[in-house]
Amino acid sequence: MNDLLGVAVLGAGHMGADHIRRIDQLVSGARVAAVADPETDRAKDAVAGIENVSVHAEAVAALDAPGVQAVLIASPGPAHEEALLAAFARGLPVLCEKPMVPDSAGALRVVEAEARLGRRLAQIGFMRRYDAEYLRLKSLLDGGRLGRPLMLHCTHRNVSSPPHFTSAMLVNSSVSHEIDAARWLLGQELTAVTVLRPRPSSHAPEGLLDPQFVLFETADGAVVDVEVFVNCGFGYQVRCEAVCESGSARIGDEHTMVVTSAGGAHEEVAQDYLVRFADAYDREVQAWVDATRQGRVTGPGAWDGYAASAVAEAGVRALEEGGRVTVELAPRPDLYA
Amino acid sequence: MNDLLGVAVLGAGHMGADHIRRIDQLVSGARVAAVADPETDRAKDAVAGIENVSVHAEAVAALDAPGVQAVLIASPGPAHEEALLAAFARGLPVLCEKPMVPDSAGALRVVEAEARLGRRLAQIGFMRRYDAEYLRLKSLLDGGRLGRPLMLHCTHRNVSSPPHFTSAMLVNSSVSHEIDAARWLLGQELTAVTVLRPRPSSHAPEGLLDPQFVLFETADGAVVDVEVFVNCGFGYQVRCEAVCESGSARIGDEHTMVVTSAGGAHEEVAQDYLVRFADAYDREVQAWVDATRQGRVTGPGAWDGYAASAVAEAGVRALEEGGRVTVELAPRPDLYA
Amino acid sequence: MNDLLGVAVLGAGHMGADHIRRIDQLVSGARVAAVADPETDRAKDAVAGIENVSVHAEAVAALDAPGVQAVLIASPGPAHEEALLAAFARGLPVLCEKPMVPDSAGALRVVEAEARLGRRLAQIGFMRRYDAEYLRLKSLLDGGRLGRPLMLHCTHRNVSSPPHFTSAMLVNSSVSHEIDAARWLLGQELTAVTVLRPRPSSHAPEGLLDPQFVLFETADGAVVDVEVFVNCGFGYQVRCEAVCESGSARIGDEHTMVVTSAGGAHEEVAQDYLVRFADAYDREVQAWVDATRQGRVTGPGAWDGYAASAVAEAGVRALEEGGRVTVELAPRPDLYA
Amino acid sequence: MNDLLGVAVLGAGHMGADHIRRIDQLVSGARVAAVADPETDRAKDAVAGIENVSVHAEAVAALDAPGVQAVLIASPGPAHEEALLAAFARGLPVLCEKPMVPDSAGALRVVEAEARLGRRLAQIGFMRRYDAEYLRLKSLLDGGRLGRPLMLHCTHRNVSSPPHFTSAMLVNSSVSHEIDAARWLLGQELTAVTVLRPRPSSHAPEGLLDPQFVLFETADGAVVDVEVFVNCGFGYQVRCEAVCESGSARIGDEHTMVVTSAGGAHEEVAQDYLVRFADAYDREVQAWVDATRQGRVTGPGAWDGYAASAVAEAGVRALEEGGRVTVELAPRPDLYA
């Protein structure tokens, strides 16, 4: 009974607080042992009512707190590299929210550190890999019934962008989910990227290039297109259609309750990713806890985090310079073979 | 070129005017040769711009007008019996709007008259038999792939009922379409009927039993249920699900343009049967003209009109008396074997 | 850390073993402390790998085992009454799979025992109340936007019935879910029931009246119809459409991944209730554990179990005798006001 | 009665024969007066049973045949320019199948000839403008409720390509429909085109670049993407999603009869454009006949035919050369203002 996995949660913002609640109330076999946030007040709020948890201003102090056996990193992206390296130094398994490290050079340093360690400790928070619909699509594609995938058509829409959201962030924050999903679904690296810039919506903040239409090419000649539109106004909508040699498959149409009234049939669209992917987050953390207690890493790893950063970086250059930009990846260490 | 079928249209109300426009503008191979309506002014309005057409106050005068080779009856139900018998007397092919004759005794007289004539002249306006979705369902059921049909679940909803619509009319006017559709889809007579009366909607006119839930049993032991709701407020909606031994099939979900906006996905619902079944009316009249020019009757006939009246009559009794009422049909003349 | 709720699971069959796995691996804040099954071997198999759990042949022994703080009853229905009364005697909170007690007389004894106790201990396993789609429908109906509900159209289909499934069990086992769902969604008791018996499917075992069409009337004049078809062959399908004064709402259409191939668009249908309602079972047990740890009962209670038994009993009589049977309920104790 | 519009049909192949049947049997107010095809035997077959029709080997002879008042051109594309100019010379109204003229230089000559004539005689067979779903989308966009269109996502799939279909024809034959539809829906010219070439499907004939992903930019900064896949194997599928500032709208999902059987829900996909767009062809020809009898041209005209050819030509260059190719259009004559 004393074997609940003690987790240190770094960051007690929107995402961190959600993970704290998840570990405390939903996930079997784990408990929140420590939390760190420079704003210690919100860290205290996030763990209110939880027993045996320590609160820290510094991430490193949380890693060293009593009872900590694993780390969940939900702090801002720029803090991730240091936190990951500190966890590696202590041999602590990590679940790190995306982006693993915002710049690909830093991401590569993490990959190299883990490779030197010689064993995998890091899982990256690409939670779509735990979504029931994505899993079904992945299973269909891997089964081979539809033949080789030729194209992925993706849609990624948000109601509105948060303050200070930049044109580059449509690619390196929003589309980073599609980058990982495409790599995972297709089992291939993305090799080139082109970004089209439609005339922006008048509902987008002044100066924001929104929507964008992002095109990826893959190592095996498939094409992935992504409409990213972060001020679409009506909902959070994530769809993916895989077009294969013998058929196509589409997920994300969200068909639950259909209400017919006032001249039409209506269906609500989720307004928030925490709603749309609530179950995926639950499964992701449960799966991470289960694997960690068994001393394993089963989810997307540091190499996936690095590859996503490298592709996103090329995407931002394609956005800013126009034209097609190729993606250059470092050699893949054997650890991730 | 002179072989356009000359049609006398009886009745120039909503339905009659629509058929006049249809024959004049859409249907190939026919023309409006005469029109009759006690309100001759609206008859004149309905044929404005059409050449070589005569206008009459009396139905019989229209039948005898020059160039008349066939009759389309769109006058009120109580006038149908006389008009049908007059057409039979002249050997004129007829397309008669439903109900063929409102009371089953009168309907039976029409059947007997046509049987005495020894050849079929009448087609009844059960236009759902010409709707693309119903035809697809019929073809699926007849093909046998799903096995024997066990149940039909039907929905029949209108935005609001016209003035003077009575509780009995939910059964003998609205549901009469489902009565014919069920007989046709299943290829069986309906043998008993029960009507449940939910507490009426507060949007229904005072005293109108709306909605109703009507249950039919068939000669071969299938069950047909019909929700009829003529003040549903939101649209004209006709659906049918056939549940068979090896699967089910559903039509009527109307999925054309999906609009996503303002927090949801929306789809318009047709507001009117002339919209929902516009193509069915076009096909029905074209098919009748084509068959008539070849001297044939291919659509639902007088027997179908009679059976629908008899079942509807039993339904009204079930509504008024409560409980289960069996349907008694006269023997079927050989002409309709 | 030592405050995990210790649960005794009675019954280690299909359902019991599933709950054991759920409590051990998925539910936060609980552990399996004891398990009872006359077949102790399968009880042992079900808890393989779990620590600190005792295995018993007798239910009562499990209730008295060390560490037991709550009971989950998943034994066959006839054993429920005794187990519930034993739990009450020990003041143990209970989650009891449906049916609470198969016969309404026994169910009433449970209600009376709990009423004498003066506090609620029992929650009944009507897990549809925890299904995301049903919850959405419930919330819509309670919100009042669509006005008063007039009708519920329900579908309950299974691929095939287990051995020894009887015609009565379509009503008192399968439809019991709809009985509870209708009472809960509408907030009314069911007052009468009629059962129509279509000619059975040739795929049903000899002598089984399958499908059936079951009609309920409610205290406030609504009508609830249920197609129950336990040998439909193609899948496990549960749907519900609520028709209200100002609109209708439908759940259960299952629209996740659409695959287009080989001449058509295809969507898989779940084959099993443990698949379709997996999340509902997870949420149900988590909610029960959470409430129990706080000393509360928040789910459907003994009164709901009794009412479902009483309605099901009337339904079986309606099936066997034909015609409409009214439901007689004992007065509702104040505890359930 | 003698005022049926006499139509000369040029070409009695697949498309021509279909139009002959349409005019003879479905369209009101017109008749087939003459037909021309170098293979006079198949021309004779196509008009079997039709009265007062002359058969010719030469298109020009058909134009001069007795009773000819209008022309429908369904001959191969290379023959169109001469036929159009001959019709103009005789003042005959024309409905010309797409492409109006395959090369933009020839198309421009037709535009200039009609401009010199000073009145419009030609309608081009872009029948999607007559499809109910496209019309609904056009009406929604024009209504402005969703704001300015930002992107169109289009899909154009065929079961398999006919013999001798070339990579260029994916753009200038298949995608030409999307070119016109995009120009019409958005009310803007297309100004640039890029073509991505995924690694071809193994089901495509050797050497055919199939599928392709074609990107258009418009004068007002919208982006139009088209997946064209002419050997997709499973059906004829045409979809279009318009993404606007305040919402999106999607057509082409085809939802008519849903069959649930054998473990899934299934919906047939049309196999052929003559099925999917049957109603659109009917409406197109009826509208053309109606307008022609009133001395008007209401459909897409020679300018639309020219613009489509010019864009398609740029598309083929983009396919062959890689990169982005801008579209250069001649000045638009006042006649088409």
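Per-chain numbering from 1; labels A, B, C and D assigned in written order.
The rule we apply is simple: contacts are C-beta pairs under 8 Å (C-beta built on N, C-alpha and C of every residue); 3 or more make two chains touch, one makes a residue touch a chain.
Here the structure is a predicted model, which is why all the values come from computation and not from measurement.
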**Q.** Distance in touch steps, counted as few as possible, from subunit A out to subunit C
**A.** 1
Q: With chain centres defined as mean CA positions, report which chain is farthest from subunit C.
A: D
**Q.** Euclidean distance of C-alpha centroids - subunit C vs subunit D, Å
**A.** 57
Q: Return the distance between the CA-based centres of subunit A and subunit D, expressed in whole Å.
A: 44
(Q) Suppose each chain is reduced to the average of its Cα coordinates; what separation in Å results between subunit B and subunit D? (A) 37
Q) By residue number and range, which residues of subunit C touch two or more other chains? A) 233-234, 246-248, 254, 260-262
Q) Any idea which subunit D residues touch subunit A in the complex? A) 147-148, 150-151, 153, 194, 196, 198-199, 201-203, 211, 213, 215, 217, 220-223, 225, 227, 229, 232-234, 243, 245-248
(Q) Show me the residue ranges of subunit C that touch subunit A in the complex, using the header's touch definition. (A) 1-2, 4, 24-29, 31, 51-52, 132-133, 136-137, 140, 145-146, 246-251, 253-262, 279, 286, 290
(Q) So in the complex, the part of subunit C that touches subunit D is made up of which residues? (A) 233-235, 237, 254, 260-269, 271
